[in-house]
Amino acid sequence: MFLKKYFEEFEIGEQRLTIGRTVTETDIVVHAGQSGDFFPHHMDEEWCSTQPFKKRIAHGTLIFTIGIGLTASFINEVSMTYGYERLRFIKPVFIGDTIKVTVSIKDKKDHKKPGFGLVTELVEVFNQNKELVMLCEHLLLVEKKQA
Amino acid sequence: MFLKKYFEEFEIGEQRLTIGRTVTETDIVVHAGQSGDFFPHHMDEEWCSTQPFKKRIAHGTLIFTIGIGLTASFINEVSMTYGYERLRFIKPVFIGDTIKVTVSIKDKKDHKKPGFGLVTELVEVFNQNKELVMLCEHLLLVEKKQA
Amino acid sequence: MFLKKYFEEFEIGEQRLTIGRTVTETDIVVHAGQSGDFFPHHMDEEWCSTQPFKKRIAHGTLIFTIGIGLTASFINEVSMTYGYERLRFIKPVFIGDTIKVTVSIKDKKDHKKPGFGLVTELVEVFNQNKELVMLCEHLLLVEKKQA
Amino acid sequence: MFLKKYFEEFEIGEQRLTIGRTVTETDIVVHAGQSGDFFPHHMDEEWCSTQPFKKRIAHGTLIFTIGIGLTASFINEVSMTYGYERLRFIKPVFIGDTIKVTVSIKDKKDHKKPGFGLVTELVEVFNQNKELVMLCEHLLLVEKKQA
Amino acid sequence: MFLKKYFEEFEIGEQRLTIGRTVTETDIVVHAGQSGDFFPHHMDEEWCSTQPFKKRIAHGTLIFTIGIGLTASFINEVSMTYGYERLRFIKPVFIGDTIKVTVSIKDKKDHKKPGFGLVTELVEVFNQNKELVMLCEHLLLVEKKQA
Amino acid sequence: MFLKKYFEEFEIGEQRLTIGRTVTETDIVVHAGQSGDFFPHHMDEEWCSTQPFKKRIAHGTLIFTIGIGLTASFINEVSMTYGYERLRFIKPVFIGDTIKVTVSIKDKKDHKKPGFGLVTELVEVFNQNKELVMLCEHLLLVEKKQA
């Protein structure tokens, strides 16, 4: 589970695909309870039925949480999260949708911290119909092998 | 809880402060269970004691979830989340830390969607020592009163 | 979220309505896990199908918890809960029902504690068919402005 | 676990004592998540340290939920909850307190529903110092053997 | 809830039946979160629909947890778990299945620990169609009355 | 995450070690809520302080759940669980203990199902002091490459 993948070893265009996960009513209720966000968009089926999207939708922070969680399948000991850019919720995710994540190396460049570079992963979350529902750029600060 | 605050009514520099919330071991364990991220940084006290930060730290997605959740105290019916920019985790959050959020209107500008403008909220999460632990920019697509 | 509403400022007949919330299977399972009450009325779909009410029903303590929780949208710094009277479960709540709460000021009177009065809120929980499912009287000990 | 105890078989003065349960931080965090009540009294250790009670306190609805749950150790097939009276929260319950419940038959009387009587149980919740922290009267509608 | 049942008081062939419990989607999601096992067999409805069993199935450890939990209705103060043998998952348990457990005393024999004997309980978990879904042998180390 | 490891590829003596995980109060409270087992051994700090082990201990089914969960880091598409043998709880696990699991291939032999063999994994759970707290044998039914 632990590995070392250095800055030099990331290749632009490289891609990996995660396993899938069905977003359940339980996930939404637990997420309301964790975030404290009980907005009717997520929690009130009656109210939702009067809205354009008709059904309860998952919180954006839930899709971000599950999406990033799906990508966490190994620990790169020489990398750390620097931040995220351009987080967008493209389409609503409903109870029963199954999501899956693609991670693509989009960019890499030097960083002012000596011995480190910045890698940009494009994180794309798709539903069971292959529709893009969320995307973001994950910035990683990665150690260089030859510092 | 429902209100209407139009694009014209946002003022740059406006600020609000949320109530606080203590980040607990329970939050971390529940978040691991929701995200599927059981990395030792969050879940293995023994391993953490051998690392520079010494103690288990909250997941970034947890601080984002609670931070954004704390800001969700009213529903603006004429606004929707467009996305987030520049999400940064500045300092680790440990079990027992208490966080609080400042939301400041940082920018507003027209948007290509007719009748809407884009408002940028700067979201800053502070711990009990008034140290900034997380920040991001929340982009809101807000209806104009005079469309 | 914090405000001060003194005894003198409560008016008999005043009423507020909360947002709604759908009671989910998750809520019931989590509540069984919190209360330790795994009675078949709540947890055994097969057994319930042989009973007059046919389907699993929410715990009374769950409806009380969610109902009172829905009313907790602001913090009155000069008021505290004294207790509850006449808690009644009028109709069963099933998985998928959506509940909403009305709070009406029913009574106010002096109290032996100097500088305080007792306010009685009538709390009524309705389902999506506008049927009353639970009611109780919430007694508040409220500071007087002119003590 | 199922038994039949008829109206005639309840004796005024009869008493039973439940097993104990320690109220944990987890219970409070889960209860906030279930009720939607994230008031700082329960969730903000920093704010609580500035208040008279100094520490986070359990929600009233949590103590009611656990207290009633502790009493739910058998199913009386000829009895149903009619309601609760005089629910009072006498002392705060803190994280780490251990509670235990005494149930005493306080009253029994006829009821207008033919073949049923009303039994009043006094439910008293004590902490590890034998201090009464909560009480209520539980009204049971119980079938008569000789209807 | 506490009782004493000594080695001599167990009779081979004795049997008890627990109450039932419906296995819910919530149970599976919570169990994934507790175990850290997010395999698609339990969590990915899309992938499962391509497999022979067609639907998400409960984790083996979940059925073991609920099955053993259902048997825990009283505390025998003179008995402790020695271990389990021959744990088998005979048929998959799906969301919505209702399980019930039979415990039969299968064997009893002396044990090297003076004053104790070993009792073997056969634990059988059945679904709503009376199909055996899980079994195991629960070994109990039980005090002898006449040590 | 998906791989194929055939019967022929298992070598007796092969061993792998999982990452660690701290067993928290939250895990115990959540497990009580999932299993329905609220015995004072796990839930009543006061009562435990009068017992030989002095502190609340984790449920056996919890240690089994977390232990097996820690081993679930990849999906072998040509293997399925046949069952478990000789599950033993050697030492109590307390809140705050950190556990880690060793999986060793102990035995492999033919099986009556044509084209399959039976692999026995010895699963050993250790605490932070390298004390064995649980063990079991996990039986796997594994496809042969050359059926």
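Order of writing sets the labels: A, B, C, D, E and F. Residues in every chain begin at 1.
In this text, contacts are C-beta pairs under 8 Å (C-beta built on N, C-alpha and C of every residue); 3 or more make two chains touch, one makes a residue touch a chain.
Chain-to-protein mapping (UniProt): A, B, C, D, E, F = MaoC family dehydratase.
This one's a predicted model, so the numbers in the text were calculated from it and none came from an experiment.
In terms of the stated touch criterion, the partners common to subunit B (MaoC family dehydratase) and subunit C (MaoC family dehydratase) are A, D, E, F, listed by label. Think of it this way: of C-D, D-F or B-C, only one pair shares over half of the A-E contact pairs by residue number, and it is D-F.
Simply put, subunit D (MaoC family dehydratase) must spin 180° to overlay its Cα atoms on subunit E (MaoC family dehydratase), rounded in steps of 5. Rounded to a whole number, the gap between the C-alpha centres of subunit A (MaoC family dehydratase) and subunit D (MaoC family dehydratase) is 43 angstrom.
For this pair, subunit B (MaoC family dehydratase) with subunit F (MaoC family dehydratase), the centres built from the Cα atoms lie 38 Å apart. For this pair, subunit A (MaoC family dehydratase) with subunit F (MaoC family dehydratase), the centres built from the Cα atoms lie 30 Å apart. Looking at subunit E (MaoC family dehydratase), residues 19, 21, 25-27, 30, 34, 36, 38, 40 sit in touch with two or more other chains.
Taken as a contact graph, with one node per protein chain and an edge wherever two chains touch, the assembly is complete, since every chain touches every other chain. Against subunit B (MaoC family dehydratase), the residues of subunit C (MaoC family dehydratase) that register as touching in their complex are 1-2, 19, 73. The residues of subunit A (MaoC family dehydratase) lying in touch with subunit E (MaoC family dehydratase) in their complex are 19-22, 24-27, 30, 96, 98, 128.
Looking at the complex, you find that subunit A (MaoC family dehydratase) touches subunit C (MaoC family dehydratase) at residues 25-26, 29-30, 38, 40, 43-47, 56.
The part of subunit E (MaoC family dehydratase) that touches subunit B (MaoC family dehydratase) in the complex is made up of residues 30, 32-34, 36, 38. Against subunit D (MaoC family dehydratase), in their complex, subunit C (MaoC family dehydratase) makes its touches with residues 21, 27, 30-31, 34-37, 39-40, 60-62, 64-66, 68-70, 72, 75, 81-89, 136.
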